[in-house]
Amino acid sequence: MLAYLIRRLFAAAVMLVVIVMVVFGIFFLVPKWAGVDIASSFVGKQADPAAVEAVRQKLGLSDPIYSQVWEFFKGIFAGRTYSGGGDVTHCAAPCFGYSFRSEQAVWPVLTDRFPVTLGLALGAAVLWLVFGVAAGVLSALKRGTIWDRGAMVVALSGVSLPIYFTGMLSLAIFTFGLHWINAQYVPLDQSVSGWFGGMIMPWITLAFLYAAMYARITRATMLEILGEDYIRTARAKGLKEQVVIGKHAMRSTMTPILTMLGMDLGALIGGAILTESTFNLPGLGRAVLDAIKNQDLPIILGVTLITSLAVLIANLVVDVLYAVIDPRVRLS
Amino acid sequence: MTTQRTSGRRKQAFAAAAAVAALLTTAACGGGGSDDNNGSKTGAAGFDAANNKVAQASLVKKGGTLRFGGAQDADSWDTTRGYYGFMWDFARYYSRQLVTGKAEPGKAGAELTPDLATGLAKVTDDGKTYTYTLRDGITWEDGKAITSKDVKYGIERVWAQDVLSGGPTYLKDFLDPKGEYKGPYKDTSKDKLGLKAITTPDDKTIVFHLPKANSDFQEVLGLVSASPVRQDMDTKSKYSLKPFSSGPYKFESYSPGKSLTLVRNTNWKQSSDPVRKAYPDKITVQFFSDANQLDQRLLNGDLDLDINQTGMSPQGRTTALKEHKANLDNPISGYIRYAAFPQSVKPFDNVECRKAVILGADHVSLQTARGGPVAGGDIGTNMLPPSVPGAEGQKYDPYNIAGADKNGNVEKAKAALKACGKPNGFSTTIAVRNNKPVEVATAQSLQASLKKVGITAQIDQFDGSQTTGIIGSPENVKKKGYGIIIMGWGPDFPTVQGFGLPLWDSKYIAPSGNNNFALINDKTIDGLFDQYVTTLDDAGKTKLSTEINHKVMEGAYYLPFTFEKFINWRGDNLANVYTTDNYSGTYDFVNLGLKNPKK
Amino acid sequence: MTELSKSGAVAEPVKDSPAPSAFLEVRDLKVHFPTDDGLVKSVDGLSFQLEKGKTLGIVGESGSGKSVTSLGIMGLHTAGQYGKRKAQISGEIWLNGTELLSADPDYVRKLRGREMAMIFQDPLSALHPYYTIGQQIVEAYRIHHNVDKKTAKRRAVEMLDRVGIPQPDKRVDSYPHEFSGGMRQRAMIAMSLVNNPELLIADEPTTALDVTVQAQILDLMRDLQKEFGSAVIIITHDLGVVAELADDILVMYGGRCIERGPAEKVFYEPRHPYTWGLLGSMPRLDREQTERLIPVKGSPPSLINLPSGCAFNPRCPYADVPKDNVTRTVRPELTEVGGRHWAACHMTQEQRERIWIEEIAPKL
């Protein structure tokens, strides 16, 4: 198990290096081939030549790509100092680059934005797990009835309606129409109830989409599991039906759900761009959206890395969890 | 302002010499008195109530929190580095200048008035020396007095373009055209005040020595890039995160792209400031990724106004016009939307073929594509924005664009084609930015009406983020055969040079970053500009402005679409609201107040 | 018509008679499943009796209704069926003096695992893959015994030891996939016997196992039955399995009983052509194989539309022996063909006896 973990972590690290190189390639090499000057994109298109040159120097853009990647990684562990034109900017470790657009290091931006996205993802996950799985189980148990059909119609609409539609709709009704919820983000450390009030609609909107998917997968899995021989065995033992469903069937049903949950959380940590943009939540998704709008490449690079890292970690956690749940799976 | 609007503000050099202040006095005061009615049921002053006039000035109460929202953060809050129009407007909250625009609506707002200085410049030495004396009682946010050396240091920062990129460089071009000074961060003198063109004989006196007279100099000193900066508070590239305040408010917190909060600078004294009223206690700015969200918050009353001042998005605009018309103003933005005809692309080397396009176009449909008369603007009939002195608006309409031929005149266009030697028409390409849906719609409208006169145009949507590299390169334009380029342009400040010099003067044709898309190389126009910058009386300047505009139109280099207007939201709780030509028809932020501070 | 056997497990038609004295008595059991295609009559009027300490073998092809019968007795015929369409069951099932179909479902649930237990065909799929053998046996024990986990685990180890699992104190913590097929079935048996049930239903207990293991499991079951004194129902498609264990045999076809009687009678004097077919397809170790095995030709009947007359008639080589096409029009009733031996066939006793002796028996 430990050896497996070490091996997987090593593979993840290698993967990250590859991702960094690919992202570097996309952001720095491709424009070079296309004949676009990166340095001038950092300072704006009417840039003074001296400013362009200073940025090129500061960022080491004239260095070969491998040394740029090396500098980037060195910065993560040892910090980095950018200097040019008599101005010295220190970016403390872990330095994930420096945004010359907004004059701030990338890492504090990530750590500032991360809790918002994490709160959004986890809160929504709790909701969609509870409601999605419950709806899926109920519609499996009430298969073919009006309850099942109704739940599945709702699920289908949840899956097919885009976030910005449901988001805007809920805002139009509850915030701008009925004035029930203000839906403005308040940091958790400022006010717990304010945070909750600001997050509840994003949670529900995001959870609606995912709950729909989870309900469908839960229903299908549950129906399959209920036909398993070991469920019949459990009944033959004289177990109550609640225990048969709640313990024996749920345990098996949760396996694919946990796998999905891991992957979905990993992807959401990278930023629920639409939800964050619709509800104006200052999370990673909005950071990357604004960065794209402002061509703020270091931020994009940083968020991409965090996303990749989150997905890799989620993958690993899912694999380990899988082995914990299902004794038949061996980590090797 | 968005980058789009900003592009017009960026001028690499400026060679005008004119007494702008004098000129503005001649121009009729666009405003009129203040309108103090109580407005609609919600308290809103009424449609266009703050457009070139003051709305509800008497209802203003001191205190409260003024709440801005924006879809775009400033390029930089560093006074040296900002170039967005709204940033210049907003920066007056925390920065003061020697001179600045008057706190008055419309054209008067663009008139200069003393701010840190006791009066306008004492100009001597044939217009080459400008002397100012500083007021008493002017202080930094820590209570220390603002000195002439702080002003000099602030201006010197413009030279440090390698660190403080982004802002306008007029000061550098006027005071040190040869670029001898290397900026304060490379300054070897002990006090870092090595710029020879500025002297500070004492803490209250500052003297500017221009190598060459330039009567627009004082106008440039009115830009926020001429604000004082105190050397011990200069955090260089990070100054934009927390500028050290010389104005009535100071930065409390700023998180780029998220929010900005200003609070009262308790060391600022009302008695020392003739311009700023500083009504609210606190100013907040909240940024959004989604313009619709912003509009919803404005409509909902969660925010008082849009900091970007670029107009509402189509969705919010529709709702607002229907349900909250009393909260809207419909000012002219100073922008002209147009098509330019590069003469390097045949047959646009022939003036008759250019005329054929102008005559054949359906101007009403182009206006509709731009958003119609309210959201898009009036049909543009010539190339000088109505807010610029010398402009005649729709009265000057050499091609009957807004008149009899407003839906296009096929006969006249065909006659022009015949005169051009292309009686059966020709084929060409319309270049349009792919990230501007409105411009793409305009291109399609133009394409449709040209079809009727036998001109076949295909539309090439190019990468809008790479505008400078694609249409800014005359070589590329020729290679791609872009006969028609869809663009827009607005002035940094309203003079004919401020708007037209980079567009029309042959000296501004550049191999890259070119803005003279039509490649106008007309000795008459060049000569008129030269004459303009040396003309001191405003009557003469106005006449020359008109003349330049006429020459450009006679050359048929441009097909103007609209004199742009936009729909601006004015929250119910706002008082003392007015648009100012100093910032292209946007509200003058620095004197906004609230009716009910507790709201 | 109540001719009750005093001597053991006897399958006997007993109708309209309350409160039987037999340990288990099934009367006119019908289990029907509504489907989109029609009503599937899996069991359609089955009756039999079983005494304690005796073994009944229910034999038939897949789809003959034998497994559904066992699920019906256990009250599991609707298990896993959620939603609108549920199995319809009628008739009477008397266990130890209580009628189960009309009893409170929760009462029946409490009987399950304690009074009546079941062994399933494939122990790998019948055991939960995520729980250890021990956990599953402990659970089965603790449902019906209010003991702590430690006690229950001791009991589990004891049971594993009893069914012949080596090192039971270690193997108790193994997962099903860590067991061999035979060991798994032993564990399954241990689990079903953990509460000393009086009725044990084994549904194809050896089908999934290889031949040598099959014999071991059958031996084990025989020993255990002697030890525990339970009544046992073995359900199988393989007459060979019941040959060694069963006291009585019930042959099912198309959801009905077509022949039943003491094991030696059914084996040595079978009186139904279908039983002959089954015997012909049975591999026999006690006899040299002179001819190839002859499976029963044709396929099992549709349970939605049973052939009219004798359900077996389309596959029966002797369908034309009785006169007037009677096999295709009239359903044959069970009639006694010897001491406690019944068969449902239109042929006369003499005809069947002659065919058996002259045509069938010599080939087996």
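As written, the chain order gives the labels A, B and C, with residue 1 at the start of each chain.
Operating definition for what follows: a residue touches a chain if its C-beta (ideal position, glycine included) is under 8 Å from a C-beta of that chain, and two chains touch if they have at least 3 such contacts.
The structure presented is a predicted model; accordingly, all values stated were derived computationally and were not measured.
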Identity of the most central chain, Cα criterion: A
Busiest interface, counted in C-beta pairs: A-B
Interchain centroid distance [CA atoms averaged], chain B/chain C, Å: 93
Centroid spacing, where centroids are CA-atom means, of chain A and chain B in whole angstrom: 40
Whole-Å gap between the CA centroids of chain A and chain C: 55
In the complex, chain A residues that touch chain B: 35-36, 43-48, 50-51, 53-55, 84-87, 89, 100, 102-104, 112, 168, 171-172, 175-176, 182, 184, 276-280, 282, 286-287, 289-290, 293-295
Complex contact set, residues of chain A against chain C: 140-145, 148, 226-240, 248, 251-252, 325-328
Complex contacts: residues of chain B adjacent to chain A: 7, 10, 12, 72-73, 75-76, 83, 160-163, 165-166, 169, 183, 185-186, 236-238, 240-241, 255-258, 286-290, 292-293, 296, 299-300, 302, 465-469, 513
Of all residues in chain C, those that touch chain A in their complex: 74, 76, 79-80, 82-85, 109-114, 117-118, 120, 122, 125-130, 132, 139-140, 143-144, 175, 177, 191-192
